[in-house]
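Taking it in order: structure first as structure tokens, then the write-up.
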Amino acid sequence: MEEQVKNITADEQQEYVINMGPQHPSTHGVLRLVVSLKGETVKSVQPHIGYIHRGIEKMCESITYPQIIHLTDRMDYLSAHINNEAVCLTVEKALQVEIPDRIKVIRTLMSELTRIQSHQLWWASFGMDLGGLTCFFYGLRDREKILDIFEETCGGRMLVSYNCPGGVMYDLHPNFQQKVKDFIKYFRKILPEYDQLLTGNVIFHERSKGIGKLSLEDAISYGVTGPSGRASGFSCDVRKHEPYSAYDKVQFKEILFTEGDTYFRYVARIQEMWESMNIIEQLIDNIPEGPYAVKMKPVIKLPEGEYYQRVETARGELGVYIISDGNKNPYRVKFRSPNFVNLSVLNHISKGFKIADLVAIGGSLDLVIPDIDR
Amino acid sequence: MRSIINYLKEIFFGVKSLLVGMKVTGSYFFRPSTIVTQKYPNNRKDLVMFDRFKGEVIMPHNEKNEHKCTGCGICEINCPNGSIEIISKTITTEDGKKKKAIDKHIYHLGMCTFCALCVKTCPSNALAFGQKFEHAVFNRALLTKTLNKPGSQLMKGVE
Amino acid sequence: MDKIELGEFIKSTDQDLEIKEGIQFVEVTVPPSKLHSLAKKLRETEQTQFDFLVCISGVDYGPDLGTVYHLRSTKFDHMVVLKTRTSDRQNPLLDSVADIWNTADFLEREVYDLLGIKFANHPDLRRLFLDNSWGFPLRKDYVDDINIVTK
Amino acid sequence: MLLNMIAANSSGLLSAPWWKVLYDFSSLTKSIDEGLYKALGHFWTVVTEMMIIGVLILLFYAVIGLFLVYAERKVCAFMQNRLGPNRLGPFGIFQTIADLIKLLFVEMIPIKNADGFLFNLAPFIVIIAGFMALAAIPFANGLHAIDMNIGVLYVIAVSSMGVIGVLLAGWSSNNKYSLIGAIRSGAQIISYELSVGLALITIVIMAGSMQLSVIVEAQRDGWFIFKGHIPAFIAFVIFLIASTAETNRGPFDLAEAESELTAGYHTEYSGIKFAFFFLAEYMNMFIVASIAATVFLGGWMPFHVGPWDGFNHVMDFIPPFVWYIGKTFFVIFIMMWFKWTFPRLRIDQLLTLEWKYLLPINLVNVLIMAFIVLMGWHF
């Protein structure tokens, strides 16, 4: 014990260690960051996670494939639909089921709506992290409109559980097209307001420009995907590189920046909302006719083998890796969750910045804690 | 000289961007018609949920107190959380045959994750989703519900 | 490079490797002793440039414990799967690739936490989600009568 | 005695029209003062008057504090597309009273290893600083607890005393977040004190006096913000920014910084002690707003335009207290508008703003103002 005390260097003695979390307003959940400070400057950040580790991967080993879907809702609850889709795509790939166009288009539309609502909530909470409380309410107000669309078609607001292997649970609601069109019209008018309130603001520029720079090499090496990675110039959009569902039929551009600081991670997400609206507008008028689900066997058994499917959630690349031994339960399911990987870069990019910047950087990485813990 | 001009420019554009932001909040302040708040418990009467809303699992009964549940147990197998338990009994039908029928269809609302697998897979469409969403109770035992009403019977023609 | 070329290329670097063309990717099975050198080679060779470690999955194969590495090249957009396994269940030890890809730091800690596979030369190998006293839940022989309810 | 002093200051109004006499509190205070003097003698008169004023200020403090909390919640709600408090009473006006009652009954959690004496003392220092500043503010013609000839200086000195309470609170809480918050607050208030002072000096140069009643009287034919050309307006804007920072509000609420430091220096406080900090924040806002109203917008003085006698007469019909409250609330509304629009600054940017922008502009501004006054170019 005494020797340990002696080993502490003079530099370490001056460190001021604070615990951010598990209950802290800016960690958006039960993330605990042990932050070593010198004055107000961050020396190191050690994430301590596992406060809501539910063992989803273990649970998946004892349930059937359709039952896995409702668990994936609860990983990244903001892109619940995209997580569902990832599992369904893996199962369909394994069974080599041909999916009709209508299902593909429905899934794409829903994914893009999910992406917009996720980015809206991110914008809301990011504004709040920086102290602009009004952003929070504007973001939630607009998100509510998408959740209403979800509720009408899927029955759930956030945890939709809308996908099932071979299609979707229900057909689109008759009001769906009109409501989505109304929303796009509304949101095209509202989104510039977001820019006026936060993006153009001089205080926001000061707070975000040059903060938490992540170079392209580091982004690839740390595996930072999603808008956070693309802000550093890492072209990692799975929708472009390995199109699934109806993404090969729509035109959209991958938002890429090279600066990789908090400001450009922010701008990348705002731009993605515009792109998502473009994708929706291309598809909403041409939803093909057809069945909304392919008839599957009552008990789905995957042939023996290993299957890997990547999808682009609102936060990055979600990988679903299923090892099947031919039973109705998977042998092993692994989710490559984007948040978990993005969190690992936090220590690297927040060194040397102030504690207020740590909050901004954490906000700009857009972490969802249940997805980290799984 | 240039640095002074830049300095003044910086101040000018900074203040301008702040005023643009204030315009947004100010315009909402003077337009109370844009308020989106719902006065929730007061608007219970005209609060209508969407018909697909997943409030709770119910078993629709007709006016003769009949339901469609045959007690096959597919919902119980499909439920990922074990929130459905079926207790069946053996009854004698009118023509003297012994038949399995449902005694109690127990539903644990507290464990339900609303994945819709039970409703979706039910072969006789006996289950549906109810619109009720105010589930708060003081005792956890109250969340365990029996879905078939007392004295109810299987609807004619449903196998 | 497409799947066949990639398989042949990797085969040409080391004849001992067991290469299988899977349904989606080339699957390379490496012995634990060669894992680190192969990973470094794949990362640095001009023709492959696997600079993005997508994910590390620890798998309990019954008698063996193993890890699966999904690698991707951001330049050529091709993927390869590395598999390695060790039969030592008491004290499984593999080489860490954290010095090649930084993201392996967290991913290997996760594997260590849930499967108990130790990684040599890992900078900071601690439990991530669970307590030190907890078992390794993703192993197939893990028993927990309190938290796991089976019908 | 005290009241008498005030009465003496405004005795020149005796020949004024009836409404001016009606709206003038000096005759009322004078008659109370004389009555007490006859009945009680010198010593007891002073004691009684001090007690009356103390109770009045206490009541005023509570009422204004509660109302401002309500107003803030309503204003921010409307800016955020919400309704705000709407359940208790019409438009929810009793909400803050209910909150206060709740705070009174909340358990006060003792903090382990906290410095108990300082921990309990801190909220009182914050509150007392607010009380003392309130004494010097002229609410209406003759409604003035004490009219010092160095009123402006006194207000600046006293209102910066609150930072001692904040520092004590942060230090004695034995909480790392609180300490960071307190240190931030110290650095912030000490820097912004400078800008507040210089912005007020700009006007003191124009008025030629530091006595608040004289400053108000000098704005009889037009408020200083209009009389003083551009420098007075710049001084007003700087005063607004600096005083927002000094009250730990709006984009400068680094000492509390909810998303960084949970609640900053008052993280560990609960119950009525927390309510003290909470009320003190709103009271400080009221005080700086009323100084801004008094010095820049003419205090209780109605809106007068030099030669337009008819217009001035109409304006005189509105009681001075209404003018004063209206102006104060206008300034408070602007401060709330700041808070609910902007993101928070970082501590180094906060100091940059002060030392690189506000201070140089302010010094140049004072110089220009002095030049204008010397040349007699002001209205």
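What to note about this one:
A, B, C and D label the chains in the order they appear, each numbered from 1.
Following the convention adopted for this analysis, contacts are C-beta pairs under 8 Å (C-beta built on N, C-alpha and C of every residue); 3 or more make two chains touch, one makes a residue touch a chain.
Predicted model only: the values in this text are computed from it and were never measured.
Central chain (C-alpha centroid nearest the global protein C-alpha centroid): A.
Taking each chain's centre as the mean of its C-alpha atoms, chain B lies 41 Å from chain C.
For the pair chain A and chain D, the distance between C-alpha centroids works out to 46 Å. Chain C has its Cα centroid 24 Å from the Cα centroid of chain A. Touching two or more other chains at once are residues 134, 141, 197-198, 201, 203 of chain A.
Shared interface positions of chain B, i.e. residues touching 2 or more other chains, are given as 18, 21, 24-25, 36.
Here, these are the chain pairs in contact: A-B, A-C, A-D, B-D. Residues 16, 18, 24-26, 40, 127-138, 141, 197-198, 201, 203-204, 206-207, 354-357, 359 of chain A are the ones that touch chain D when the two sit in their complex.
Those residues of chain A lying in contact with chain B across their complex are 63, 66-67, 69-71, 73-74, 134, 141, 144, 151-156, 159, 161, 164, 169-170, 173, 193, 196-198, 200-203, 298. On chain C, the positions that touch chain A within their shared complex are 22-25, 27, 51-55, 57, 59-60, 68, 70, 74, 77, 81, 101-103, 105-107, 110, 114, 128-130, 137-138, 150.
Taken together, the chain A residues at the contact with chain C in this complex read 49-50, 53, 55, 57-58, 62, 218, 220-223, 234-236, 241, 305-308, 310, 317, 319, 321, 323, 332, 334, 336, 340-341, 343-345, 348, 373. The touching residues of chain D, counted against chain B in their complex, run 75, 78-83, 86, 337-338, 340-342, 357, 361.
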